[in-house]
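In the two assemblies presented below, subunit A is common to both, partnered first by subunit B and then by subunit C.
Coming up: the complex of A and B.
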């Protein structure tokens, strides 16, 4: 593995709305698999990405039950990258913008995420080797 | 010399800003800086032959390294042989590696 670096990603898109969410999670996953530590600052709608109450559902229109539909929930992907990081001796520090959480009522996030503010993003930037901001359009 | 990583996620026909990013890349290279332009999502649509692709070919000739996300190309059914001259397919891993190397990154 190359030298372990710390990369920060700021994300803003709500899940299920934009390809940016998928690309952001692909980048976070790749960074973890390359052995880097990752910081994520979830801002605005992105605080719903690790929302714990996301639920897989059947699809009556297509006649599929829950298992057949196999509906993806991004909270599971976030948990997956955290577990992958731990297996590799790294970490994912995922901070949820507290005001954004309150505005949207998505207080219940999966374990491993924590509540914070844009001040945490500033600290991430100061302490990271690099930062990528993925804004909404 | 500074090293820049521009990530373009928009189709040039979806937003005129795309050409402004291309021009910024050209200006930086003319100024002696190193620029990688990574096309992702609908940004890869700009790598096909179209009326504006000549400018992308010129960018590559200037020295801008232009890469197109392999996954985004597959999603959109764009075969590698349809890419304009100077654009190379690449995995998204490249973005992580360039970030780790300290390239100044800008997402558009």
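Coming up: the complex of A and C.
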């Protein structure tokens, strides 16, 4: 493997609202598959991405029950990239903007995420090889 | 008499991987199932929804694979036998290098110049 680097992503989009949240997770997935460490600062709506109470649902329009629909919840995708990083000896350090969490009431996040503040983002930036901001539009 | 609505879809591929469909195409199916009278107009980037043979499969995060990727062209096609007309702005197709032969069967191309006449046929026009 090439030298392990540390990359920071700042994301803003809420789940189920745009293609950007999926794109961000795809980039993070690619980074961890290549063995890099990833920091994520989830800001504003993005704090809902790892929200633990997301629930799969059936889809009558598709004619499928819960099992058949196998509806993805982004919290599971976050868990997936964390597990992939661990398998490769790396890590995903996911920080939730605490104020953003509070104003949305999405306090319960999946294990492996932690509450933080913009100061954590700044610390990430100082310690990373590079930072990618994926803002909302 | 029930109001008739034209649902204009302009924003394309908005969270379609997470939703496993387009939310407005889905809403159209649901409303039709609830008895609504409505048609669809695809414009802007959403004209791509009528391009046949789209394949969004293969998404994975670690070992978590998506098993039911969106099939938006099929979802649009399924509206037509339900009595939902699907119009598509031909100028927007042309600007994107798409031709009628690229489209699923049953969609009705319409020029921008014909839109005022089309919109005038509906009591409600919803622009998504």
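By definition in this document, the second predicted complex is superposed on the first by the 137 of 137 C-alpha atoms of A that agree within 3 Å, B and C clash if a C-alpha of one lies under 4 Å from a C-alpha of the other, contacts with A are read in each partner's own complex, and residues count from 1 in each chain.
By definition in this document, a residue touches a chain if its C-beta (ideal position, glycine included) is under 8 Å from a C-beta of that chain, and two chains touch if they have at least 3 such contacts.
Source: prediction; values computed, not measured.
When both complexes are overlaid on subunit A, subunit B and subunit C end up sitting side by side without clashing. Legend: residue contacts after superposition of the two complexes on their common chain; A:74 is shown touching subunit C, with no touch to subunit B. Of the two partner chains placed by superposition, A:66 touches none, neither subunit B nor subunit C.
For subunit A, the partner that touches more of its residues is C, with subunit B and subunit C as the two candidates. In the superposition on chain A, A:19 makes contact with both subunit B and subunit C. When both complexes are overlaid on chain A, the residue A:83 reaches subunit C alone and has no touch with subunit B.
Angle at subunit A between subunit B and subunit C, computed from CA centres in the superposed arrangement: 60 degrees, to the nearest 10. Note on the superposed arrangement: subunit B and subunit C approach each other to a least C-alpha distance of 6 Å. Overlap of the subunit B and subunit C interfaces on subunit A: residues 19, 26.
Within the complex, the subunit C residues that touch subunit A are 13-21, 26, 29-30, 33, 59-64, 66-68. Taken together, the subunit B residues at the contact with subunit A in this complex read 7, 9-10, 40-42, 71, 92-93, 95-97, 99-100, 102-103, 105, 107. Per the touch definition, subunit A reaches subunit B in the complex via residues 2-3, 5, 7, 19-20, 23, 26-27, 30-31, 34, 36, 129-135, 137.
The touching residues of subunit A, when paired with subunit C in their complex, are 15-19, 21-22, 25-26, 29, 32, 59-62, 64, 68-72, 74, 76-84, 87.
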